[in-house]
Structures are given as C-alpha cells and as structure tokens.
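One chain, subunit A, appears in both complexes that follow, with subunit B as partner in the first and subunit C in the second.
Now for the complex of A and B:
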C-alpha cells in the first residue's frame, strides 16, 4: 500500500467461523483499506485458541502504526497476551487488546483506523462500541 | 529432590508421573468441566501432556529451571484455551525464577510463589473465585510455612502438601465461580468441584507421591 500506514485490526476467536465471519463484516463495512488478520480454533481445528497460530497471525498483520486486537472469551485473551509476549521486542509494543465485544469492536476499530487515526483512538472507538 | 537421584532420572520420573496421571484422569476432568464449563479440560490437558511425553528425554536432560520453562511453553502451545495459558505461565515463571539453581524446598517455595503470582496476573484472578488458584495458593502457603519453620523431613512435607491440595480442592465445591467459563453459570456453578483446581490437585498429588516414595 502506498498510503500512509494505518492501524491494523486482529481478530482472535475460539471459533474459526466467527473469526472469518467477523473479518468479512469488517471488509464489508470498510473495504480492504485496513489490514485485518484473523484466526480461531485450537491446534486440532476444534473450538479453542492456539498460541502459535495467534503468534503467526499477529506477526503477519503487524504494521508500524500498530494493531488493535479483538478477542472473545477469556482463553483467547490470555493466549493472545502470551502470543504478544513471544514476539520480538520492537513489535510487542505495537499491539493493544481492546476491551470490547469482538464483532462490534472489530467493525468500529476498522472504521476508525480507515480514517487514519492512531492506535489509541482506534482502541477507544472499539471500546466505545457498546454502552 | 532426594540427594542420591541424578536430576535427569528425577526429572524423567516427575514427567512420567504427571503424564500418567493426566492420561488416567482425563475423562474425569472432562466430566467435571462438562458440568460447569465447556467440557474440554481433560482432552486439552491430555493433548498437552502427551506432547510433554513425546519430548520427555530432551526435557529431562536439562537443568530443572530450563526444563520447567520449556515444559511451560509446550503446555501453552499444545493445551490451548485458558488452562494452557495458565499452566504454561505457571511453569515458565517457575523455571525463570529457579534459573540454574537446584530444586530444594526453599527454591521450590520461591519459584512457586512467583509462578502463582503470574497465574493471578494472567487470569486476573485471586483465590476464592473457583479456579486452579484455589489449590495453588493454599499449597504455596503451606510450603512457605514449612520452609519458614525449617521442617526438614521431605516425606512429611510431601504428605502435608498433598493433604493441603486435597482439602483445598474440596473447598472449591461450595464456591461460586466469578472467573472463567463457569462464571456464566453464576450460582449454578456451586455444588461442583472446579476442574482446573482438580487437575492442579492431581498433579501436585502425583509429584508428592513421587517425592515421598523416593525420599
């Protein structure tokens, strides 16, 4: 992309279908301007989360502008934290896990990111999505 | 650790004991988890401990601290879910804290203390919320008390820690979950043992049996 780097959005669900579906809703809302990474499921492909899969996805979606991460139930958040800790130090600080519902948060984060806002504003938009 | 046992032999016995315990109790753990969680605790732990069994030789040959760190990484990667993150964090922090020092009651107490703090941080939980912390915290305190009192008989210490874990597990039955998947059930989670506390109790029991037998 030749445009200035925008904040990217990462989606981590227990369900591969929810992760893919959430990414599809984001693309429908904001087009393909915003980088979106997603993953879901455990090492066997069942419901769950897998640290190594998450780490590889985060590594791939990383941009200088930062990445807003949306997660579902508790294990997804803990495993995302562990995956972030496994990244190299220069990348680690660029990730922030948003305290937001996964679908609404991802859509709002991407909408905000598409306007060129910084990571903090993108996180705020996600966290304001409900309530 | 008994003075006459070489670390690799002791490590190997400890890994084998944990792997065998999880294999034997996986169905029971899954049943407990079906009552108040998502019914995969036994299956998930078995996947992780089978992975430990597959690399047991490599693990056993390392210093205790390095072995714990690597075992923690394997569990975090293979167990998945909250329990993978929590057990992984526990062992990784214990290993880091232990470093190159040999395992004895005092270094174990120190490492377990830091490991338990890491579990609290990772899970944003404290004791009393019907999680594995309800076994880990009392056992860690019991170990601290024994070390502070300078009580030296390791067989007796192992016995005390196992009894402490058993009592602590039973206390989770009356608790209402406020963390983890069981918290969605609210008060309906009361009346069931916590599956994470149950697996922690089983693993501590297996290691205590080993320590008692080999002393």
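Now for the complex of A and C:
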C-alpha cells in the first residue's frame, strides 16, 4: 500500500470570487500542497450555486482519504448535498459537509489535513474554528 | 519516555496570529511526541497539534510560549518549536 493521501478540501460559495479567494487564502496560509477544489456561481456565472458545477468539482477533488466540504449559505449546502448524491456510491461516502464558516473552516480544515489527520479530525478542526 | 520543556518569547510583530498558528501546528504535528503549549507560566496547556486550539490562544507579542513534549522525539520537538518562534515564524510579512 502506498502512503495514504491527505484529506482534500472543497469550497462551495454563491460567489465565484469568494470561492476563489477562500482557496487562495488556504494556499497562502497552509501551503500549496493541500488539495483544494472550489466553485461558485450559478450556471450563468451570477451569484448562486449550480448542482452540475459542484458535482464536477467534487468529482475532480475526490481522494481516497476523503474530502471536507465547506459551504456558505443554505442553497449551497442543499445543492452540494444533491451533487454528492449524484456521485458514484464508492465516492459519495468520502465527502463530509462541515458545519463551519466557509473561510475559517477551510483554513482550519486544510491545516489539519496538511498534518496528515483523517477526515473526522479535519472536520472537527473546521467545526471548532472561530473567526 | 522522554519529557522536554522549553519556553520562547514571542517577538514576532503580530504575535501568534493565523499564519504563525498554522505553521506552529504543522511543525508540532511532524513529531511523534505529544506536544503541548501554553501562554505564560500559568496558562492552560493545550494540544499544539490542534490548529483551532492554537489559533484560539491569540498570544500577543511579548508573551512567552511554553512547550512541553512527551515522547521519543520530545527534545527535538521542543527545540524545533522554540526555533520557529525565535525566527519569528520565518515570516513577518502578514
């Protein structure tokens, strides 16, 4: 067996700029080695979320170690849940949506992931986050 | 089991803020030993490998960070962490 890969982080915002900016903060603060996927905006590029865009991003960022997902507001969470449901069964279980603020949670999750922690610890770090 | 302790004053201009906290947690996690950290000699010990706990310390410049490690690489862990603080986290741009 090869060494287990690090847990990845996925960011889903209503705003493409927030998604991109959050990912940039994670990379600047935690390092470029952390695997981060992000998306934001509806199908027309406006504010909102799009199930198919989220599904494609999640598919891309998936790793065996799992993926901690950070979302911003209600619709983002609902559409992310739908997008996860659309993934194949073996991948679906690897995603967990964290109950955390998107920026703080993403940085905390990525930091914990960078230390080689498992998905549960990564989720816990995100959910312990404070501003 | 080896136990090591050490302390280092925070001279970094902004104290133990977000990015230094991230670096400290990442460094502490490289060691097998249990590594704990407190601010000042009478602060509460916290797990130095937990980013949320380290970030919550919000230790300011001039405070002293105390490290305590227990495990086979305890000496190395404390030396490395003191070094990180002494160097100002290798980063003073934030």
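To be clear about the criterion, the second predicted complex is superposed on the first by the 126 of 131 C-alpha atoms of A that agree within 3 Å, B and C clash if a C-alpha of one lies under 4 Å from a C-alpha of the other, contacts with A are read in each partner's own complex, and residues count from 1 in each chain.
Definition applied: contacts are C-beta pairs under 8 Å (C-beta built on N, C-alpha and C of every residue); 3 or more make two chains touch, one makes a residue touch a chain.
No experiment lies behind these values; they were computed from the predicted model shown.
Participant: Clash or fit: subunit B against subunit C, after overlaying the two structures on subunit A?
Facilitator: Superposition check on subunit A shows subunit B and subunit C fit without a clash.
Participant: Classify the contacts of A:29 with the two partner chains as first (subunit B alone), second (subunit C alone), both, or neither.
Facilitator: second
Participant: Which partner does A:129 reach: the first (subunit B), the second (subunit C), both, or neither?
Facilitator: second
Participant: Should A:108 be classified as contacting the first partner (subunit B), the second (subunit C), both, or neither?
Facilitator: second
Participant: Have a look at where A:116 lands relative to subunit B and subunit C in the superposition and call it first, second, both or neither.
Facilitator: The answer is second: A:116 touches subunit C but not subunit B.
Participant: Between subunit B (first) and subunit C (second), which does A:73 come into contact with in this model arrangement: first, second, both, or neither?
Facilitator: Touch partner of A:73: subunit B, not subunit C.
Participant: Just to confirm the value: shortest Cα separation between subunit B and subunit C in the superposed three-chain model, in whole Å.
Facilitator: Nearest C-alpha pair, subunit B versus subunit C: 27 Å apart.
Participant: With touch defined as at the start, can you tell me which subunit A residues reach subunit C in the complex?
Facilitator: By the definition above, subunit A touches subunit C via 29-31, 107-108, 111-112, 114-117, 125, 128-130.
Participant: Would you tell me which residues of subunit B are touching subunit A in their complex?
Facilitator: My answer: residues 38, 40, 44, 47, 76-78, 80-86, 88-89, 122-123, 179-181.
Participant: Hey, which residues of subunit C end up touching subunit A in the complex?
Facilitator: Residues 18-19, 22, 25-26, 29-30, 49-53, 55-56 of subunit C touch subunit A in their complex.
Participant: Over in the complex, which subunit A residues touch subunit B? Could you list them?
Facilitator: Those in contact with subunit B are residues 42-44, 46-52, 73-75, 78-79, 81-82.
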